[in-house]
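Input: structures, listed below.
Shared between the two complexes below is chain A, which pairs with chain B and chain C, respectively.
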Partner chain A sequence: MPELYLALLDRILTPVLLLLAVVFLLAGHNAPGGGFIAGLVVATAFLMQILARGDSFVRKLIGIYLQPAMGVGLLIALLSALTGIGNNGVFFQGVWWKLSLGSFELEFGSPTTFDIGVFLVVSAFVTSYLLELSRPAEGAAR
Partner chain B sequence: MLTNLLALLAVSGPILWLLRPHRWRHAGWLAAMAPAAVTAWLLGQLGPVSQGIALNEHYSWSQALGLALDLRLDGLGLFFGLIIAGMGTAIAVYAGYYFEKASTLGRFYALLFLFMASMLGLVWADNLLALFVFWEGTSITSYLLISFKLTDSNALEGARRALVVTGIGALAMLGGFVLLGQMAGTYSISGLLALPPSTFTGHALFAPMLGLVLLGAFTKSAQFPFHFWLPGAMAAPTPASAYLHSATMVKAGVYLLARLHPALAESPLWFWALFIVGGITMLLGAVIALRHYDLKAILAYATVSQLGVLVMLLAFDVKLATVAAAVGILAHALYKGPLFMVAGIVDHATGTRDIRKLAGLARSLPLVGAAAILAAISMAGLIPTFGFLAKELLLENFFALIESGQTQIGWAGLAATVISGALFVAYSLIIICEAFLRRKPALKAAKIEHAPSALFVLPVLVLTLVGAAIPFFLTAIENTLFAAPVAAITAAPAELHLALWHGWTPIFLTSLLAIALGVLLFTQRERVRKLFASGIQVSGARVFDGLVDGLYGLAGWSTRTLQGSSFPTQISIPLLAAAGFVIYAFSLNLVADLRIDWNAVPTFYEVVLPTLAIVATLAIARAQSRLSAIISLGLVGVVVLLIYVFFSAPDLALTQFLVEVLTLVLLVLVFYRIPHHAYPKQPKHRSMKYLLISLAVGVWGFGMALVAAGEPLFPLISDFFSLNATAAHGGNIVNVILVDFRGFDTLGEITVMVVAALGGYALLRASRMRPIEAEEDFEEPYDA
Partner chain C sequence: MNINANWLAAPVVIPLLFAASSLLAATRVNLRQMRIQRNLALIASVLNLGVALLLLYTTTIQDQRMVLYAGLWQAPFGITLVADALSAIMLTLTAVLMVTIVLYAIGTLDQREGLNFHPLLLFLLMGVNGAFLAGDLFNLYVFFEVLLMASFVLLSLGGRPGQVNGGLRYVVLNLLASTVFLTTAGVVYGTLGTLNLAHLAVRMEAAPLTLRIIVAGMLLIAYGSKAGLFPLFFWLPASYHTPHPAVTAIFGGLLTKVGIYALFRVFTLLFPDLLQAWQPLLLGIAGLTMLAGVFGAMAVNTIRRVLSFHIISQVGYMVMGLGLASSGNQLAIGFGLAAGIFYIMHHMIVKTALLMAGGAAELTMGTGQLKEGYLGGLVKRFPLLAAVFFVAAFSLAGIPPSSGFVSKLGLLQAALDSQHWMIAGVSLLVSALTLMSMVRLWQKGFAGKQHEDVLPPPRRPIYGFTLAPIIILVVISLGMGIFSDTFIRWSQTAADQLIDRAGYIEAVAPTDVIAPVSMDH
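Entry: the complex of A and B
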């Protein structure tokens, strides 16, 4: 299935998409974006790769990380929900930390880490389905 | 401290697993340290708790839902806690030798300790919902322990039965707990018990609530007609059987009855349900035990019978019965646990548990024989054992009833006790004489392959000796050990005066009568066995399997009927069902409520975008190739995306865009696999049918949109979100809702996603595995 023009395009687009996902993920609490959208963007980036270089290439690259990523994501989400108990005694209570970098202030909290968990689950979930469905069926006519 | 102890047990199991304990011969002693520490701490609490000082711990974790982890160590919790931790220590040592370097030992310890933590949590929980969670924890660990030998299909069957029966009971119990919580206005157990009992007994829903709670207790404690799962659970490794299925888990139902006793026991309904079910279970278990030759099966049915006795005793709202129940629980744990462990050692040494193949073990295994005989005479209730004391109290209870005027109940209970007591004596004698004393077995004798080490027998011996010693130290311990649980069950301070010997009272004479009958049964045992074996045997397990198969059949039928035909029919059924209800609702009165402004002038986009969507939809229907249909479908998605953009919902638009891209490619990938001939051209009448269905669904969607755009039926929640988003440190309301306001929902959703990912992965893999299976089938003829 590899296509030449896609193979050229994805060299530019994949890093852009992955960077975009990071922006969506981190800025998502205040601007459009968030873990769910960032996860879908990552899946789209891998989709580009699948179309351009074939599914086996992508599987070799990231296949073994997909299921662990889902588990880790779920764990991160759960732990962020539990930080509330540790701090205020209530499940899912948001805990926020402020990081001052001179004039620039960075807010970071348990909802952010929760969103990272969501991001990991969504991106790995969609990518694993894309990979499984794009695996050429055995015996099927091409 | 209570939480720390639970955490200690829950964590030490997996740690032991990681240490791979099967490498050391004496790993059991290391494993026993955690439960031994718990036991030691609990023994230290005996003093304050028997003074009536309960230990409370409270951890709130979701105030909005009113959920908290409440633990409370009172008399009853301490009494059960001591049995669980004490027996657990002995079992941990025993298991180390039982598994003897089998590499599964680590997994066994992990499960055993998780079970122990759940069981302790169950008896310490002071919240109905927390109790339920721990209750399910014991069910699941029990399931994993029964099916421990994964290659044994009997074990898997037994485990499934046990899980389904106790699981159904637990669900019913949860329903009962909710009713109970609604009646009391609190889920706190101590809060609920502080209310006057009339709060519950006088309530209109008392009978359904009681029925549901009792269903949970009866299934867990293997009461008739649910008793069949317990013998099936004997496929578990013997340490698990000795611990879970005789000493602790099966007592969870009894514990629940004892715990709720002060609130519910006043009602006659409670009395009759417990008295009848407990009585039947007591007799049935004792009778069936005589039918069996497998040591573990005999002990399993004897356990069923003993659980019946305990349930029957809790039927009564008098102190004497409660004392008998408390003494009975401890006595049973201290003789039945060791007997099970002996059965495991015998199995280990000879390779069989069939009593017909055993003989003279007392000579070849003197330590085991001594422990077994000591425990068995306690089971028989011979003087001066702990079992004798328990039986005396049981009989005393019925004599007191007869004296107080409740003659019918008293005589019925007395008769049942004498009969089951005689049967207890009979099979205790069978175990002692046939397995340990006689010289020649009935069948070909099993040889002792390797004798157990003294350390293997030590935990059994210790438990038996503790049980044997207790009757002689009654005055020293009766008010520290037994008074507190009795006080908790009767909700009144209790002072006890137990004694082993009362003189030649009618009680003692009745006890002698039961023993004499038992000896008579023993001498006639072959005839009795034949008689019992010829009787009608309704196997509960078979009835249960039939029910489960019926359920599978029903599921298959509904799947075939609703989803068996072509894909268009499959989706038409739910869509039409949904549309039908909504259209019906509109026809009633909702149309009048719609406010439609007929004079509004649509903007440019509002005209262009829907037109585009309609054209694209028509293109899908008319498309000649699949690819063009998929692209047209994508166009519809883009229109929706543009609508989001124009109505300024950037987050939705982004999501819609990404989902659209991904589904488009997924569709291409899926259609790529389906051969072309799978879609022949549809005949005209079928196209018309699908068109009508589509129209109905369209009307439904349109109606829903109209209602949603009209006057809100309920106050909107979005104002709250927009007002509080800044307080939640976020500018993007959608994201704040997802990860903060409704974080719980999101957590549930991503959990579902992970589960769906695993399921989908398996399904997509399964389609690829078929060719391999076919090859295996092909090879079969060569084997035959």
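Entry: the complex of A and C
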């Protein structure tokens, strides 16, 4: 059974880390942050879970989604790179869409979706890596 | 015909797209998922072949260069993809090998080994294609890493005892080479302020000689180790015989040649003067590589080990072409380079065919031992397999009318023309020794008789899917020998484009606004 302080820390830190990841993901591109960093932060949140609740809990929770998540992430990143080709553009050219919400204007572009793809790949990959590392050795006492 | 530059991204995008899609079908180990992955890989490799042929047509036959600035960032700021005739030839050969290896895998892989084999193969293809297209040193490094990681997992797929051992040596030594490469890239960026190859070609001319020697030497070590050159080849025979035969076949045909491609690209573009000054060094390495490979092949005793050592000896011939690049008397300058490129074309096709045939024999008999009585009798049991092995082996040894004869003849001509008697003699000697080694493989492995008390009779039949790709490759090799004028013309175009540095720089057209870091410190 994990230590009490780990369980407590997990309750506090996991939501903070996940929120931080969203902030990093959206702040990226022009400011510090981006998909890669956000992905690492999410993996850290899962690491907290592994420490606090054990690796088998996390594996049961998200194990089967990890490899498909990498695939989906790669596809999203690739497709956003390919959107540049439309309109006589070039591979990887940024495409920006504007969304008007009354007085508030939201800019959303293919670099952002690319970052989301990278985010999925990195978070899924690092999490699966951490899960493999935390698998107890065969025959070891739990 | 002018095709859109965006096509240059396709050799990287297609494998990645299909590899990502087949990751979605990798949640459970079962036959259906493996079939989905396999079909996706087959579609991807055929599409990739189509794109490669399109690029071959545009660059080689129409004698053009193609440049893609990803995201419209001008060189040297963004990622630049460049294809010239050499890149397109390498892409096409890779694409042909990929199609055949997917077919071969259908015939030879079992279910446990098959899971995730195909996505990994596609990641490998992406890395190799990217390395052939990269227009700057850093992306070359990145794609080298992509293919290294994919190949490491492929090496240890299946998890037989010897595999982890061989795979570990492979990955450690290759990572060392990569570290040297990355360090060099750092040195280059710190001193010349750019990594774009065309931009470097401009700035390297003005750089002091010491810097040029350091960078060229370190790159020679890094690429030479990846290509399996003397004395850095020892990782190759330690690892290539351990994985599944399908993996050995694609590695033997493909991986060392990426290092050779990088040597051809970097030395002709960045260091044309050193190509002349270092000619004794390059030819010496070439000769020693040939000899070390062929002598190594005589000392080992399983089919795939023998064939792995022959990869090394033949990489020597390619470097011999590079060493002869800047000399010529009667023949035009660049003929040696063209002969080297033709040798690469011949070698990639024939080596893969041989490794496939040898691997099929090993799989069927359960062993690749060449000692008396273990193998043998394959001529009677599998006459078709023996026939294709025979043709491929004699093409490797350089018997006419195969592609091996034409390519070795070209190199010999270039060596004699520029009066390099020594390397000409070594190449002839190694040719004769290769023939001997092939005869030994034939006698011990295929002809003769198997002693039933040593080994049980064959374990499983050889399927049509195993034989078909070998036959395709052998036919291509014979075609390259018989219609050699076309292929020599293509290699000549590629060599001319490599020597025409100004054309490459003009095609990429790097803007020169960042000043190089001063050399004072």
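Criterion: the second predicted complex is superposed on the first by the 133 of 142 C-alpha atoms of A that agree within 3 Å, B and C clash if a C-alpha of one lies under 4 Å from a C-alpha of the other, contacts with A are read in each partner's own complex, and residues count from 1 in each chain.
We take it that contacts are C-beta pairs under 8 Å (C-beta built on N, C-alpha and C of every residue); 3 or more make two chains touch, one makes a residue touch a chain.
Bear in mind the structure is a predicted one, so any value in this text is a computation, not a measurement.
Peer 1: Using the superposition on chain A described above, determine whether A:F57 touches chain B (first), chain C (second), both, or neither.
Peer 2: Neither partner.
Peer 1: By the touch definition at the top of the document, which applies to A:F92: first (chain B), second (chain C), both, or neither?
Peer 2: both
Peer 1: Which partner reaches more residues of chain A, chain B or chain C?
Peer 2: So, of the two partners, B touches more residues of chain A.
Peer 1: For A:L78, select first, second, both or neither according to whether it touches chain B, chain C, the two together, or no partner.
Peer 2: both
Peer 1: Answer with first, second, both or neither: which of chain B and chain C does A:P68 touch in the superposed model?
Peer 2: second
Peer 1: Need the overlap of the two footprints on chain A, from chain B and from chain C, as residue ranges.
Peer 2: Dual-contact residues (chain A): 67, 70-71, 73-74, 78, 81, 85, 89-92, 94.
Peer 1: Under the touch definition given earlier, write down the residues of chain A that touch chain C in their complex.
Peer 2: Touch list, chain A to chain C: 64, 67-68, 70-75, 78, 81-82, 84-85, 89-94.
Peer 1: Which residues of chain B touch chain A in their complex?
Peer 2: My answer: residues 59-64, 67, 650-651, 654-655, 658-659, 661-662, 665-666, 669-670, 673, 675, 728-732, 734-736, 738-740, 743-744, 746-747, 750-751, 753-754, 756-758, 760-761, 764-765, 768, 771.
Peer 1: Could you please specify the touching residues of chain C with respect to chain A in the complex?
Peer 2: For this pair, the touching residues of chain C are 5-6, 8-9, 13, 16-17, 19-24, 26-27, 68-72, 79.
Peer 1: Please name which positions on chain A make contact with chain B in the complex.
Peer 2: 24, 28-37, 40-41, 43-44, 47, 51, 67, 70-71, 73-74, 77-78, 81, 85, 89-92, 94, 96, 107, 109, 111-112, 114-115, 117-118, 121-122, 124-126, 128-130, 132-135, 137-141
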